[in-house]
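Take a look at these structures.
You will see two complexes here that share subunit A, one where it goes with subunit B and one where it goes with subunit C.
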Partner chain A sequence: MSVPLSIALVFRRRALATFGMCWLLIVGIAAIGAPLLAPFDPLEFDPFVRLSDPGWPHLFGTDHFGRDSLSRAIYGARMAILIGSGSVLIALVAGGLIGMLSAYFVRLGHLLMRIVDVLMAFPALLLALVLMTLLERSVLNTVIVIGIVYATTTARIVFGMTLKLKRDVFVDAAICSGARHASVLFRHILPNLVSPMLVQASFIFAFAQLQAAALDFLGLGLPPEVPSWGNMLSEERIYVTRAPWLLIFPGALIILSVFSMNLVGDALRDNIDPRFKNDIAGV
Partner chain B sequence: MLNYALNRVLTLVPTLLAASFLVFMFIHLIPGDPASILLGDTATPEEVAELSRELGLDEPLWTQYVLWLGNVLQGDLGTSVFFREPVLSVIAGGAETSILLATMTMFWIVVFGVPIGIISATRHGSWVDQATSGGAMLFASVPTFWLGLYLILIFSVGLGWFPSSGFPSLADEGGVSNLRYLVLPSLTLAAPNAALIIRLIRASMLDVSREDHVRTARAKGLHPVRVAIKHVFRNALIAVSAAFGFTFAALVSEAVVTETVFSLPGIGRLVVQSILRRDYPVIQGVILIIVVFYMAINLLVDLAYASLDPRVSLK
Partner chain C sequence: MTRPLLEVRELRTYFSIGRGGFMRRKSVLKAVDGISFSIHEGEVLSLVGESGCGKSTVGRTLTQLETATAGTAMFDGRDILNLTHAEFRPLRRDIQMIFQDPFASLNPRLSIEQMLAEPLFIHRLVRDRSEARERIAATLELVGMDAKSMNRYPHEFSGGQRQRIGIARVMILTPRLVIADEPVSALDVSIQAQVLNLIKQLQRDSGVSMLFISHDLGAVRHISDRVAVMYRGALVETGEKRQIFETPRHAYTRKLLDSIPRLEKRIA
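On to the complex of A and B.
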């Protein structure tokens, strides 16, 4: 059965996961169409409407600079998608390669997996903090740092799964029929890892949102002027008693998106090779 | 078992050395001269030259590392630029708060996580299960600082039940009742972690309940509660107890955010403030201590895991 078809079957019987998928679709549309959808400029200050209540024309109210919250939230969807997919890409490509190569070439694996062990000796948030201290605050650096943090866990997971696959007969058969290493790795082993890695990707996407929001909150993530949901929370938190809605909207957006991604990951996990089910570290 | 334990400890040594080397390199990766970074902006050129000589900055990198490691093993982690105090005593000042916070958080995780997880698994498929495991996933999706801010808004500002920030030592006036300062922070920190434990208990119990010995227990007419607790939960506990250990180890660094929200004088907030103050010796010291602590707890978890489940050490 093809991967898209089997995914479609998973969602047919799960209302919540379908809801999650729909919400992510909305976030995606908001991200792409932000300049068209946002009623105001997300960066424009308007000192006359500081901290105004939600209402017309500022549906989500305005922040302490008088910027329109709804427009910032819509542009924030861009950051959410960018950070999520960027860190997923780095984590899967780097972690996936390290894990596969380490499991396949045993000697190389001794070296590479020790390096992964050393990085995993640092708790995730601490590793991100330390790396951000060394780097400048920028969108790219945030994505890279979060990507590296999750590349370590991904490497270990892929390592375990590749070891299991390596013992399978089809791998022996490929080697016996004279396939080269690259062909065994990428044409025979990799296709079996696609669905579990898809599950892993959805959990990384979800965790990356929370990590990025935490970094923003600590003042070590995205530059403060960038409209992201984490920055909106971080900047307006001192006004929480005067303007509680300023924290409710971006907070709800983060929660909904992370929750949706977790639901999707959870649904996809039920569909993968049962041997790999316990390898994936999700919710 | 003894062999396994020795093996685990021995494989840990190179990892620990490599990790400590990375921590050592931290000061060297920051742009600028390490000696002036360690002394801060106010240092005189004489002081910088003096420290350069002490650190052996004109020696090869590995000699510097050995010198540094020697100092660390003697408990000398350098001097804080901000406090003008030894780094070790600065960190020790935050230890009480962090340890109490982590302990209290673990208490909530056990109190809420274990029973809810068991109920969710035993009522598998019912609305109770769907509500609790869906709810747990929702809680795992909440940014901790956001939850913390709203707990402050509701329970401190609104109802006035708990203080919103700070933590006086238990040795100060108030004694044990000062723990009330930690109620909201520990609940904040516990929420996502308890959620993960609930999901894990549920998943492991469902795995175990498909095994033959459980069917036997049911078939011979044991009370369902007895089966759930003695036959299923006890076996699931092996995986779950490991998760408790890992969670506890991770709490120390996860507390960074919570301690910042509640302005607690703990090690986590010390890291963040030191980053903002460019107090690099303290950052380096805290990272080193957290990494050693994290690895030690993980080692203990592995050993406990192996003694609970003899199959592990035979592999």
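On to the complex of A and C.
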């Protein structure tokens, strides 16, 4: 168990998960190579080709400003990855810390976990909406808000696992060796949380996409000029009868990416922790 | 006789069950209810009793894994029950514990080297990693393991080997008092004798004092100098091993002794 999990083992005989991973790789490549891959500038208006059909040279057609949909979709991959990884980072660090400290220090836990409970009482989207209305529309704020929303579920999960781990005999043994609280928490308990948190990360990544798209659609997420899949949906929704491809392409991209991430997450989860098999890990 | 290394007086450890509150009575479990004993330098005292009688709690209280409700435990002239966790930390080097289940007591995510190096660095017994590795290698050989096993992880070892690693983690600190909490009862019967002999040999060679907690009277007879019999949180009888095994005074001790399956009688 020197390596927490082996990649080969996760994807062996799991065709769907392998497909998901491939799609995510494509999204990743698109995000990194966006300036090279995109045939047009995603922000450039061209009034002469407004709402053109998919074809040459605009493979995905153009929107009502005449911007190239394919280029916007490719740059949208950047936003998808950025929002996904940013929210995962915030959710895991904040949620992980809150969960671990709450479980380890019982009094602190009573306080912190009640706050988490209150936040969890709101539906995820509602909580995100409330927080976004308080903040300005920006990429950073969107990431922070989605991160906070999923930090609550992460905190719950980590809380439960830490509660169990801190009763394990090896923690007693560490204490008997003279280990301090910080060492017990971060050297003995945290490494045992890594695999389940990795699984959690993959689900947060997927749900953050949905959440971001929903916020964009409601006009509360990323600023409207930023090319993201959610914004593409939101801006072109009134043209659904005239140019349905403007909604079909970004919609399909969102669905495919979320689905892929879930497939990968499922594979990771089944591989790491059979106990979670029938549970949806709080998300 | 000189002053004992550890002298426990009227030790009590109570646990409250349930949180109490409106319309709910707070109930108290008296796991350890007023026991007194002493252990001299180089002596092995066994604490025997049926499961659930509180004998493990005695060991856990003496290592501050549980908080004592009342009583004193003078270790080398200091009351260790009165110390805060921070004050007790330096003393942990001298008071070490061998745990019952070797599958639970080793962190699955740490290599043997990391595990054994931790107490060395905490108590500043080594200056750097190479010094630590030397000491770990020597200790592993002392407990009958290959020094190379320090690069491996717990799941690569059998129960007996894991318990040897647990013993190495204790002995690497050269403690003065070892609390062995049922150290062999989780092992296969075929391995028990080996590990028990190792503990006995290490105890003899190092002259460390030991509180040997067990329900296995065969093991107790093999390893101890004196025996204390515990029943429902209290000691019913304490005495030299010979006296306890040959002329038990208390009815409970006799009952306990009668429960040992006797093979030798039929053979003889």
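Here is the rule we use: the second predicted complex is superposed on the first by the 268 of 283 C-alpha atoms of A that agree within 3 Å, B and C clash if a C-alpha of one lies under 4 Å from a C-alpha of the other, contacts with A are read in each partner's own complex, and residues count from 1 in each chain.
Throughout what follows, a residue touches a chain if its C-beta (ideal position, glycine included) is under 8 Å from a C-beta of that chain, and two chains touch if they have at least 3 such contacts.
Just so you know, these numbers come straight off a predicted model, no measurement behind them.
Student: Superposed on subunit A, are subunit B and subunit C clashing or fitting side by side?
Tutor: Fit: subunit B and subunit C sit side by side once superposed on subunit A.
Student: Is A:His188 touching the first partner subunit B, the second partner subunit C, both, or neither of them?
Tutor: second
Student: Check the residue A:Ala174 against both partner chains and state whether it touches subunit B (first), subunit C (second), both, or neither.
Tutor: It touches subunit C, and subunit B stays clear.
Student: Taking the superposition on A as described, I'd like to know which of subunit B and subunit C A:Thr133 touches: first, second, both or neither.
Tutor: After superposing on A, A:Thr133 lies in contact with subunit B but is clear of subunit C.
Student: Counting residues of subunit A touched by each partner, does subunit B or subunit C come out ahead?
Tutor: Residues of subunit A touched, subunit B against subunit C: more for B.
Student: Quick check on the superposed pair: does A:Phe45 touch subunit B, subunit C, both, or neither? Answer first, second, both or neither.
Tutor: The answer is neither, since A:Phe45 touches no partner chain.
Student: Taking the superposition as given, does A:Phe19 touch the first partner, subunit B, the second, subunit C, both, or neither?
Tutor: So A:Phe19 meets neither subunit B nor subunit C here.
Student: Kindly classify A:Phe105 by the partners it touches after superposition: subunit B alone (first), subunit C alone (second), both, or neither?
Tutor: After superposition on chain A, A:Phe105 lies in contact with neither partner.
Student: Counting only touches as set out at the top, which of subunit B and subunit C does A:Thr241 meet: first, second, both, neither?
Tutor: first
Student: Minimum Cα separation, subunit B versus subunit C, post-superposition (Å)?
Tutor: It is 8 Å, taken between the nearest C-alpha atoms.
Student: Of the residues on subunit A, which ones does subunit B touch that subunit C also touches?
Tutor: On subunit A, the subunit B and subunit C contacts do not overlap at all.
Student: Within the complex, which stretch of subunit A touches subunit B?
Tutor: So the residues of subunit A touching subunit B come out as 16, 114-115, 117-118, 121-126, 129-130, 133-134, 206, 210, 213-214, 217-220, 230, 233, 237, 240-241, 244, 247, 251, 254-255, 258-259, 262-263, 266, 283.
Student: Write out the stretch or stretches of subunit C touching subunit A in their complex.
Tutor: Touching subunit A: residues 60, 63, 65, 89-90, 92-93, 96-97, 99-101, 104-111, 118-119, 122-123, 153, 155, 166, 169, 173 of subunit C.
Student: Enumerate the contact residues on subunit B facing subunit A in the complex.
Tutor: Result: residues 14-16, 18-19, 22, 26, 29-30, 134, 136-138, 140-146, 149-150, 153, 157, 195-196, 199, 249-250, 252-254, 256-257, 260, 271-272, 275-276, 283, 287, 290-291, 294-295 of subunit B touch subunit A.
Student: Touching subunit C in the complex: which residues of subunit A?
Tutor: Residues 1-2, 168-170, 172-180, 183, 187-188, 191-192, 194.
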